[in-house]
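A, B and C are the chain letters, set down in written order, and residue numbers restart from 1 in every chain.
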């Protein structure tokens, strides 16, 4: 989950805990595995697998960080490197982002990156979240999210950075910035990205209530652009991207950049203060204590 | 009605007069009673009645200023004090605003506050209109408008400050910022509030034409969020608010504040000039003469 | 077509050329005639014919520059003079813009104005495009576009400046800012106008893909407000404008001006740099060569 401004008081955390118990099973599935401490073993299998089809100029990025593609520092670093490589490769013009894990696109930020970690680590983690957003939202490639599973919080953010979103038409999946349901707050650039996607009023209500939308509802409000049967999501993404690639790159890229510049500049020019804000908040004793209790609770739940 | 920039020329007023005759009966009903001079008798019954349910944390504010809850200085002062009290009371987390008067939610600003009054009075009046908007649009409470009657101009503004709007499904009621129909202009913060609710294009057309929407049409453009049979509006509001209260207060409040900050700051930092602009305009001889003629006409109409 | 930032590289042009061959017959019809060099003979018939009905206060402006009302410097100059005259005439309160040419409203900017011309000429041309937009988007009159034919690029821009758009319900017509399809980019004020009309997300997708919408689709996204059988478009525009004229001018004008001020100010305060940017770009040898090849190709196509 995109963890940020909130939990300033103990009540925030208790709200979070009480909320938790009423969460749908889908969400529980997405988040509980985050508790398993991730080993920083660089010989582990890659969390990102990229297939690049030279003939079409389209790369497919499979997120394969079991079990739920949680956005850890390692995961984000790998993802950013992959995107950067593709961005530098002039023969790569389009990028499809999808999940290799069952039932989930990405469960969002990895809480373990913010618990019991040094300010330096928390800062590095937050910088990697920003970097992922900056790289994807400002990409020169055509980007299509093939959302083949649930996509809460940071997962939804990642999907929203893309030029187009196709979601599996499975009513058990959902998508949205549900931070408030967990007692936390989406940062301003999450908000801006959603406003640019579904408008001010829908964003105001969705964020206050932390709404997770089923695919049909997400389509209705414009949070996703198209629904497809689950086994046809990637094929549909491939078809879509070929339509976008029919447009001369240069004109399309300038247009995209002009449309998103203001939103991107807002984070770029506030990046350090945004990190500082996050670190100050997350390293507070009360917050750390809350996070600890929260993770303890999840462990018991799982057991 | 929200009276402001317009009527700068005689033609403005004659436009207003000619417009009037073509108004629907609903509107006439709403506005004509404003002519009855309101006595500043503080022993009069309260214009606002608040029921607070400690068990749910929800207050219901009944507007009961006969006949049409026109927004007079007294009314607005009482309303602002009531809202402030609730805001200070940490046990109060939600606020439902509704009308105790039949057929009308609120008819908008009270014209008698601007006719034959000193610049000081007009300034104080305008400040109270700003104050109402600032208090409600920036409220930390969950606010739901239970719109059980027509809600033109300032009444619509008040409804739009809320987090959610439920309107009685009665085609005889309507809602909208109809200022131009009366030859006047909604101030910038009315416009901003509507833009945040229904978007730029709909606002542009609605405000230029001074459109009053029937409930079904208001729902279609997103000016209200839900329709209910008239006798179930408050029950539906209660149900809705309990859903919003399931979200941890702190996270919801920060989110709301972040979403509305820019709009609120714009008035806060221009408050005095906005008052000065209003006072300069409204105290002009030509405008006062026009207002007088207008009120005279309405009196005759009523007789 | 609105020609601007793009074609910076040879690839831009080849993209443009390859794109061209896949264009619909409607578009080909619109653009190819632009190749016929227009003679600057001031004894040619007027390109704009205005009918003003003193009794209603409504002027109808017929664009009659065969074959496709391309926006040449002469055409734009004549159009601006006509609009200014009407604007100065207090008895004229409304303006309907329509085409006297079959099948097309306007095909957009005239490419011949940018090929083989001096920097001074190109600058004057671009200034006239800006002027057209400023005059129409900021008009005090009620403006209604009676779109009785296809309306790509600059033609779509002109339609979007109006207060209301009625389009002929003929599926062979289309409307949109299709610049990227031709390898070029809509300037920022084209983008802003579209954002104000259909919102950020729809604009982002429409502009990146250079989408041309059939009337039914244009209605769905709000790019036009109403469809009518082709022979009833002007009658419907007349009916619509009378509804807008029922609103007192002064209040409506202030409202319109307040709603559009920010967008207009952005161009006004960047006008010279916007011209300089255009001239620097369009007079580059590589671009001129590309334009030449492009026009040559179209000539052959036509022959």
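General remarks:
The rule is short, and it goes like this: a contact is a pair of C-beta atoms (placed from the backbone, for glycine too) under 8 Å apart; a residue touches a chain by one contact, two chains touch by 3 or more.
A quick map from chain label to UniProt name: A, B, C = Enoyl-CoA delta isomerase 1, mitochondrial.
Being a predicted model, the structure only gives us computed values, none of them experimental.
Two copies of one sequence, subunit A and subunit B, touch each other mainly through non-matching residues, since under half of the numbers at the interface are common to both. Superposition of subunit A on subunit C using C-alpha atoms only gives a rotation of 120 degrees, nearest 5. In terms of their C-alpha centroids, the spacing between subunit A and subunit B amounts to 40 Å.
Subunit C has residues 199 in contact with two or more other chains. By the touch criterion given at the top, residues 163-164, 195-199, 222, 225, 243-244, 246-252, 254-256, 258-260 of subunit A touch subunit C in their complex. Across the complex, subunit B is touched by residues 5-9, 11-12, 15-16, 19, 22, 179-186, 188, 191, 199-201, 203-205, 207-210 of subunit A.
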